[in-house]
Each structure stands twice: as C-alpha cells, then as structure tokens.
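Heads up, the next two complexes both have chain A, just with different partners, chain B and then chain C.
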Partner chain A sequence: MTWLLLVEQTLNGAQFGVFLFLVSAGLTLVLGIMNVVNLAHGSLFMLGAYYAATFFGLTGSFLLALVIMVPLALISGIVIEVVALRTMYDRDHMDQVLATFGLILFFNESVRLVWGPESQPMPVPDFLDGSVEILPEAPYPVFRIVVILVGLAVGAGLYFLITRTKIGMLIRAGASNRAMVGALGVNIRLLYTLVFGLGAILAGLAGMMAGPIQSVEPGMGEDMLILAFVVIVIGGIGSIRGAVIASVLIGIVEVVGRSILPFAMANFMGEDAAQTAGPAVASMLIYVLMAAVLFFKPAGLFPAQAG
Partner chain B sequence: MIDRIKLLFLIGGIVVCALVPPVAGAAGDDFYVTLFARIMIFAIAAVSLDLILGFGGMISFGHAAYLGLGAYAVGIFSFYGINDGFLQFFVAIVGSALVALVIGAICLRTRGIYFIMITLALTQMLYFLGISLEEYGGDDGLNTDRSEFIAGFDLYEEVNLYYLILGFLILCVFIMHRVINSRFGMVVRGCHANEDRMQAIGFPTFRYKLAAFVISGTMCGIAGALLANLTEFVTPEFMHWFRSGEIMIMVLVGGMGSLFGPAFGAAAYLLFEEWVPDLMEAVATGTGENWHFIFGPLLVILVLFAKQGLWGLIPDRSRRDG
Partner chain C sequence: MRFRIALIAPALALAATPGLAQEKEIRIGYINTFSGGAAVYGKHQKDGLELALDHLGWKMGGLDVKMIYGDDQRKPDVGRQQADKQLKKDKVHLVAGITWSNVLAAVQKRVIRSKKIIISTNAGWSAMAGKNCSPYFFTTSWNNDQTPEAMGELMNQEKLDNVFLISANYQAGKDMLTGFERTYKGKVAKRILYRLGQRDYQAEISQIRAAKPAALFGFVPGPMGIAFVKQYRAAGLHKTIPFYSVFTVDYLTLGGHGKAAIGTYHTSYWNNNSDDPVNKRFIADFKKKYGYHPSMFSAQAYDMPMLVNSGVVGAKGDPNDVRAMVAAMEKADFPSTRGKFTYNTNHIPIQNFYRREVQADANGNPVIVTTGVVKENHKDSYYKQCKFKW
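Here is the complex of A and B:
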C-alpha cells in the first residue's frame, strides 16, 4: 500500500513541478536576458487564474476561457513591461526589487477590489473530470495527467523555440551581449517585450491550470514565486533546461517529502516525535537541497553559457 | 562626522520619542505610546538592515528572519514559564547571530540576483518551519508573557517597556555609528564600492561581509525580542517575506546608506500605515483596508524619483556623512 501512495505522490509532485516550470520558465528568461528581478511575476500567475476563473464561469467552457485568457495575460504582461519595468533595466537590483514589490501590493489589492477578498470558484471542467487507473486499483485524476502532458508539451515547444528558430537565436544572442545585438540592427526592446509577454502567457497558463487544484485568491502567486526562485537558483539563471529539471525535482521533493517523511521517520524514531519533527523537516527539505546545490555549484546545475 | 543640521534632527527625533509617554499620559491616550514603541522597534530593525543594504551593498531580502528568531527566543522561553529577561535576550542575541552566520555563509557565496533570491528563500524556510512547529502554536502563534529583568522594573507598565525600547534604540544607533566609522566599516563600504579592488589590495572580503551580515542580523534579533514583549504574541508572520520587504521599504524611505535615515523611514512607513487608511476611510467608507492600492504605485514612484529618501531631503553642508 505504501508504494502505491509513493507512486501517486510522485505524480502529484511532477504535476506541481509543471506549475513551477511554467512560472519559472518565464522568470528565468527575464532574469537571464534582461537581468531584471521581477517579483511581480507571481502576480501574472494570479491574474491568469482570475481571468480563466471569470471567463470559465461566464462561458461555461474551459477551452474558451483558455482562448480568452492567453491574449489577456499577454496584454497584462506587455502593459507591465512597458509601463513599469522598461524604466528599470538600467537601475540596480535594489530598485527593481522594491518597485516590483510595489507592483505586487498593487495587483493583490486590485484583484481584491475587482473580485472581492473571497476565493473564486473554479471547478474541474467536465470533460477532464474523472480518473483513470494508472496502476491496478490506483485511480488518478485525468485533470492532473493533462496538466503533466501540457507541461511536457510546453517544455518541448520552448526548447524548439529557443534552439531552432530565429527568435530563439535572437533571445540567446541578446542574453550573451545585448549591446551587440542592438548594434546589429535588432530591435532589442521589442524582443524584451516579446519575451516578457511570453513569460506572462506561461505564468497565466500555470495559474489557469492551478485554479481547479488550489484556490483562486489574492496573493496566490507569492508562494509560487518563491518556489520559482528556488527552482531558478538550482537550475541556473537563464537556463530552460535547468528550469525543467529543477522544477520536477523541487515539485517531487516538496510533495513527496511532505506526505511520506512523517511516516518514514516514524520507522526509526518514536511515532510522536515523527509527527512533530516530520512536517518541520519536510518544510525545510527543498531549501536544504538548494543550499547543498549552491555549496557545490554556486551558479546552479546548468549555468547558461551566456551572461 | 555628522553634519550639524542632521545632528539637530537626530536629537529632535530622540526628544520627541522621549516625550511621547508623558504627553500621551496627560492626554489620557495610550495608543500613541504603543505606536511609537512599535516605530522604535522597527527603527532598530531598519537601522540594522541598512548596515548590509546601504553600506555593504548586500541586498538581503530576508531580514524578517531575525525579527522572528528574536521574538521566538522570548516566546519559547515564556512557553516553558521562564521569563528571565537577561536569559531571553541573551539567547535571542546568540541565536540570531548563529543563524545569521549560517545563512550568511551560504548566501555570501553568491552575488547579485542569486543573493536576493537565496536570502528570500532561506527566510521563507524559517517561516514554514515556524508554521510546522505545532508545539509552539504553529500558524496560530503563541501568547507570551513579558520579560522580567530586575525587581521593581515591571515591563507590564507600558512606560517602562517604552523607555527600555528607547534605550535599546539609542544603544543600537550608537553602536552602528561606531561600526560604520571604524576601520571595519570602511572595509565593508569599500566592498560595496568595488569588491574586486578590495580583494586585490589584500582584504579577505568574504569574512568582512559575513561579519557585517552577522552584526546586522543580531541587532535585528534584539528588535524581535522587543517586538515579542510589546505584542505579547509571537507568530510566524513576523518572518513572512512581506515583513522583509517592509523593512527594506523603511530603509529606502528613510534613505539608504544614511545611518539615522532608516529610523525616520520606519516612523514614516508606520505612520503612513496608521493614518492613510483612516484618511481613505474618511473619504470613502470601506476603502481603508485597500491602502496598498495607493501605496504600491507610490512605492514605484519613490523608487524611481526619490532614491535619496527622507534623510536626503534634509539640507546638508558636508557632502557625505556617516
């Protein structure tokens, strides 16, 4: 029975890792290419969830909500980039941190004003509601499997975009030497805006898929943001490959650790002590992992070759 | 040395703080005693953060960790019925120093964006640790008694606690003044200006930066122990990363890299938090709790256009002060 739980929790971890990947993919590109600390990236996750919940509620169609959410997330991202972040590129990190912290406060409060402080209902869509038996007598929700598949598809798509297309080439070039790319006649500002918009869509997509699993409420992006930071630190700034691997790693360690560790520790210490210490140790696990990675590889597991 | 006009502001600030209890007592309103006690506690936290942020150039997004550690040192002893203030504050100081040493040793291996993200993540780890400790209240927090120092000095007398906090504030500002103007302080400031050059002329910069990190964290631990005494309540929320952000905002508003500015920044931020919601409530009922809606954009504007902070607004005859 225990190994069945382990399989199920590993899948949950992988599915959580997909959310982390979608959020951190945009963030790591923005950090790596534009060298901007953007705390407000979690707000894009939140906005995506709210857009999707609203239009899913209005239209009753999950796919239609997706079609409406994507351009809205893109527009939100572009507006943030053009209005606020563009003035920050030449500033030091301290300014970027505080200004985007201000944006978080603004967006959380805006959401609270528009939608109210209570969480928004967002059910699992009918056609994805249900479960399949991944192993005999082990049902697993279809929706979560779809989330994992979407994550795989987006990861593959991003890899293709960055390594095989002209835009990807420009993105990589911009990361290694943006002044030179600009001098060669590429509109580097437009490129930045595009990358930021892409990151906004990915974060919004993650928010939309997280809606039926977590609750859609103000401030839902913040925990995601901090975990995305852990992912980026482990994976290496600017590295999509690092983000993929670190996301799945963190997702699985976080979810499996929280559910298994209290039981596992009960084997070699008292039941009571394990019930107390288990959750405490589990909550620290990913951060210890991060510290360990940093100790041996200060630039992350897959440091991007460029800047 | 410090400019004469700024010295006047500093003394004025201390005198105002010292006069709050008698004036509030005469007016029969204790509310401002508690508010100013809170301001002074966060002034200690902000001044301590400025050592690494403003002078050392280390953008730590995890200063609330030490606030929480200091508070929990008081809270956990109180949980077991030990209210000896000397013991509690000793553990708060040593505990936050040790944790700052470990966190600093890990984080200072990195620079720039990595440093920001790691200090943030490790502080969040302590926050989640606090939540998962069901024994000490977990999410709900822990009610604590006030510390007992010497007989006859009862901290349940609001005025006694108030002047204890004021005393700690003056002590901390004085220590910081000495630290920043010492040889050690010059090296830390040199690391901010150009770390490679400092290394090239032979300074082990890592050790200097780590020492500054520890001093800063320890001082904030004292602020945490005082905060637990003031609120008689300890919660993981003290360590939440929003709190770290707030302390950073206080430093920015007061003036980064100015010794006394952050104390005024703490006052400005907490008074803003106190008065602006009331003001908004007066203009339109029910909007008071949405004050972040105004404060968020205001913060962006402050960052873009008022980097010098309040302290920078005071006219200055000498070009730099310590």
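Here is the complex of A and C:
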C-alpha cells in the first residue's frame, strides 16, 4: 500500500464520516433534546430515499425531488410524533425502544406493500455525474463531494439554529427543564413536534443523499441506524459538534482499518487467514473505539450542556 | 385393537373409492423467502412457477395442483419448520423452492428422510451435487460453482490476465472465488473479501484502481451489488477496468442498478435472447401477466412445475409412486426455458453457460443481451463423488 493510497483512504473515511453525520444529526437532536430513543429514525431515512427516488423518477429533476421530499418527510415525522411518540415522553427508554421498533416493522412492510420488494431506481443525477481529480490519478466522484458539502452545511446550519436563534434557545431550555418552559407560557408540545419534524427532515435528506450511491429498498435504514447510534454515543448525546467529530472519526477508523488490516495481518498470519479475519476484525474496530470512549468518558467526547 | 383398525382402514378406503385408491390432486409445498429484505427472490420465483401452472392449466397428469406456500424468512430453522408442517400437516407429495444454500441444507434432510422429492429452484449447495447427493433431490437451477467456473473460462477466452477479485466474506462468497479459480488460468492481481451487508465500497474501489488490473471479477449479490455497481460507475472505473460478475447483475436487480450497470458482463445458464419457443412464450406471457421482465430466478422456477408434470405423467398420475416419478424426471423431458438439456447422474443439469452483457436500448435504458456461449454442456465438478442411496 502506497502513501498516496493511504491519503486517499483517509479522504474516503472522512467522506463516509460526513455521510454518517448526515444520518446521525437528526437522531442526536431528538435523543439529546427530547430524550426520546427513536429507532424509527432509520425508517425516516428510508422514507426520504423512497420519496426522493419516486419524485426524481417522475419529474426527472433531483432538485425538484428535494423540494418535494422535505415537506413529505416533515409531515411523516409530525404524524409519527403526534400519533405514536407523544404518549411516550414520560415512559422510560425501554418502552420507547419497543414502540419505535414496532414502527420500523410497520414502515418496512408498508413500503413493501406500496413500492414492492424490488430495489427502486435512483441514479446519480446527470449534473452531478462525473468525477474530479483531487489526488493524482484518483478521480473522485462529484456526487460524493456534494455529500460532503451537504453534510457540512447541515452541521453549520444546526449549530447556528441551536446556539444563535430564539427557537434554538427555547429548544435548549425545553431540554433542560420541560415543565418550567411550559409554565413560562411556551407551547412545549408544539416545540417538540417541530424538533421531531426537523429530525425527520434530516433523516430524509440523508436517505435522499444515500439513494444514488446505495440501494433504495425496504429496510435500508437499519444498517445505518446502528452506525448512527455509535456516532452519537461516542460524540455525546445531543451534541452537534460531538456528532460531527465522532462521525468523521468513525468513518476514518472504519475505512482505513478495513483497507489496511487484511494486508497488515498477512505479515504474521498468512495471506488466506488474514483475508478472512481482516475484514472481521476491521468491522469490530468501531465498537472497540466506542467501548474505549465510554470507559474514559461515559458521557461521550462532547457531552451536551443541556439535558 | 390397533391391529384390527389397521386391517379395516385400507379395506374401508378401497370400498369408498371407485377403482384404486387414487389421489385427485397433487400437493406441492413451496418454501422460499417471502418477507424481509430478500423477499424479492421469493416473489420472482413464485411469479415464474405460477405462470408455468397457468400454462399447465393447474393440472398435472389429470390431477389438480394444490400449492402450499411457506415463508422461510431466510432462516434455516424456519425453513425446516415449514418443511415439517408441509410434510406432516399438509401431506405434500413433494417440496420445492429455496433460495439459500444454508436453508436448503436444513430442509433437504427432513424431506429426503420422509422419502419425498425435493426440488431446488435456486440454491445450489455443492454438497447436494457431491457427498450429500440423493435420488430424491433435483434442481432446476445449477450447482453454485458452475456459474463462476464459466466466468473463469470466459476470462481465459477473452485473454484477460491480472484480474482483481472481490467477494463477500462468507461461505458462498469464498465458494464463488474457488469456482472461478478452478477454471481461470491467468494471474490474480489481488483479492478482497468485503463484509456481508456492506453499503459503502469507496475504500475497495480505491484499492481496485490502485492495483491497475485488466478486469474486475466480483460476487456482490442483491442490494450490496446495487450499491457497488452504482459506486463503481460514479468513480469512473467502468471505463478502464471492466466489471465481470456472477449473481450480481440480473433482471432481479437491474431496476435498482439502472444505467450504472451498462457495460458490465456476467455469465448465466439462461440465454434470455434464445429463439426457443418455450423461452419466448415464457418471457412474453410473464411480462403480460406481471408487468415486469422475468429474471433468471423466474426462469428456473418456471421449470419446476414442468419438471414435476413430467414426473406425474411418467408415474401415470400417481404422485405417491416416488420411484416412477424420479425415473421420469431424470429424463428432463419437459419444455424448459433453457431449451433441451440433460440431468447428470447427480440430478444437476448439464447445461450451457452464456456470456451476457448489459447494453443500452434505443431509449438509453439498460437491457441484458446474451452475446455468446462460454461453455457448452457444462457439468458440475462434484458429480463423480455422488453415489445415490434410496
């Protein structure tokens, strides 16, 4: 493995990390601020991809699909919050896990009924197709650069929203003491519904960005959900800054580990065994990382001030 | 007491039915994956076999056909439970279906022990071709190794040397590489085993580009393959390093791949462009009935009822005469979507394998076109290890 390839793999890892941040931003928002464990985040990710794939297919325009996807994701989120989650705020996390796990099953089966079990078509949009040469002899897909830009924009936007705006102040206040904010005359119910809706939009956006590089199919959100939980646990639940740093960290560990380990292990255990064991060990790395972080910093790298 | 009932019961049965105690229907248990992420495999196969039943008028050798479906949820233990239920409660005459080798491994024992016929419409577990072979076992698909063996042969024919290999890190993934390397004579640039269920392949794609191979051989089934092919194309590698695959690109996944699959190659037993009237009728009627293009999974499932029908006719309408059924089925005397073929001594088809590629049609949409025969009358590599025991 050459140094240039190592640099490229680090870049790949960072890019994957930014994508992970896109997936986990909404989750950390909902869990950190509303104190709700929302396993259905993966379903919202899937719905976003399906909405976008459908309207991209109908209109032929990726941007128009984005414009249609956002309100649909918002409505889906609000409906879930009002119908299923509102009664769960005072219950413990186990009840929330059970309820939202039920939602996963419900949405996977609904999607299969509406769209069928096949993977839905969703190509890279023409204007983002192609590649640019960032590193010599290693053209990088334009769409992946767009994913990085979208991820960074979401991070900056959220940071601004939470720390610099009046609504952000109310959200933080609600996270600290829900009853007190309500007593001061703020409609905390509505506020929570909006936060959940925002989380749904972020999940949908992540699903939409995943569509052109992955398979749009029932259950596509589950794999991502596990990684997203690892991200927010390492980053500190509710912390946007923590989510950014943890996702890039995980992305790099996962990708670089996966590409180096099989060859590094071949030095002392034989080629064949290393090829089998390498990927297996590499896929454990992020969980080892999570365990280590939890051991030294049980609240994550950047515990959120509120909540 | 028990002795007396045992004597009376057959006598009553004889008295009740005019002539011989004969079945009025044949009951076929069909086990496949109909739920979860892999439900699409079950759907394509079920649609295929029901079209065959339509063509047979839901009759076999004068008997009505009754299908009993079971969902294995892609789990061996659930598949085994379904087989038990179908054998004991539904009293099926035979069991068919099954997409996954590990589910087949669990189901076949129960069925064979009950001395009933089992027909795989997909799973090609190599043990069933060799040491675990059984006269009760048939397949309308292939042995797992046959398709990658044909691919190795294709790469020899195209004089591709220095090929990069990518496969999934589990048993079937390794079997694919073994099958490929059994026939491929060139140099292997490097091989990568990715994690089962992986969705992001940028790291692997960077390694493939850095190795500068002449071609890429891959086994990346289902949604993993959809993600891989999209990402491979987005990286622009398809222009310099052509992608040859097995069980990755097919009409089952082509909707998901979309245009990203154009310019990729694969091997398959099914010549979808053949002029064989059975094949043409199958494709035309399938599209008319279901509104989508059949995949090779639909084609091999279509063959199953046809094969059973040949058995029932050979057994003169008695599905309980298993030996006569097997003897008739061994002749492979039925209209198959692959044309005429023969069964080897282990009941695995001796069949042609074709080079297929994904091309753009007049509207730029992807279509699979068969562009040549790679191996004629290809036998699997295990049949010599097979000794039938009834």
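Everything that follows uses one rule, which is that the second predicted complex is superposed on the first by the 303 of 307 C-alpha atoms of A that agree within 3 Å, B and C clash if a C-alpha of one lies under 4 Å from a C-alpha of the other, contacts with A are read in each partner's own complex, and residues count from 1 in each chain.
The rule we apply is simple: a contact is a pair of C-beta atoms (placed from the backbone, for glycine too) under 8 Å apart; a residue touches a chain by one contact, two chains touch by 3 or more.
Since this is a predicted model, take the numbers as computed values, not measurements.
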{"item": "Touched partner set for A:220, first chain B, second chain C, both or neither", "value": "second"}
{"item": "Which superposed partner A:229 touches (first chain B, second chain C, both, neither)", "value": "first"}
{"item": "Partner chain(s) touched by A:5 [first = chain B, second = chain C, both, neither]", "value": "second"}
{"item": "First (chain B), second (chain C), both or neither touched by A:255", "value": "second"}
{"item": "Partner chain(s) touched by A:113 [first = chain B, second = chain C, both, neither]", "value": "first"}
{"item": "Touched partner set for A:280, first chain B, second chain C, both or neither", "value": "both"}
{"item": "First (chain B), second (chain C), both or neither touched by A:87", "value": "first"}
{"item": "Chain B/chain C common contact set on chain A", "value": "112, 276, 279-280, 282-283"}
{"item": "Chain A residues touching chain B - in the complex, by the definition given at the top", "value": "31, 35, 37, 84, 87, 91, 93-95, 97-99, 101-110, 112-113, 222, 226, 229-230, 232-233, 237, 276, 279-280, 282-284, 287, 290-291, 294-295, 298-299"}
{"item": "List of chain C residues in touch with chain A within their complex", "value": "36-37, 39-40, 43, 169, 174, 191-195, 197, 199-200, 202-204, 206-207, 209-210, 222-224, 226-227, 230-231, 233-236, 252-253, 255-256, 258-260"}
{"item": "Of all residues in chain A, those that touch chain C in their complex", "value": "1-2, 5, 8-9, 12-13, 15-16, 19, 112, 116-124, 129-131, 137-141, 143-144, 210, 212-220, 223-224, 255-256, 258-259, 262, 275-276, 278-280, 282-283"}
{"item": "Footprint of chain A on chain B - complex, ascending", "value": "53, 59, 61, 106, 109-110, 112-114, 116-118, 120-122, 124-125, 128-129, 131-135, 241, 245, 248-249, 252, 256, 290, 292-293, 295-300, 302-304, 307"}
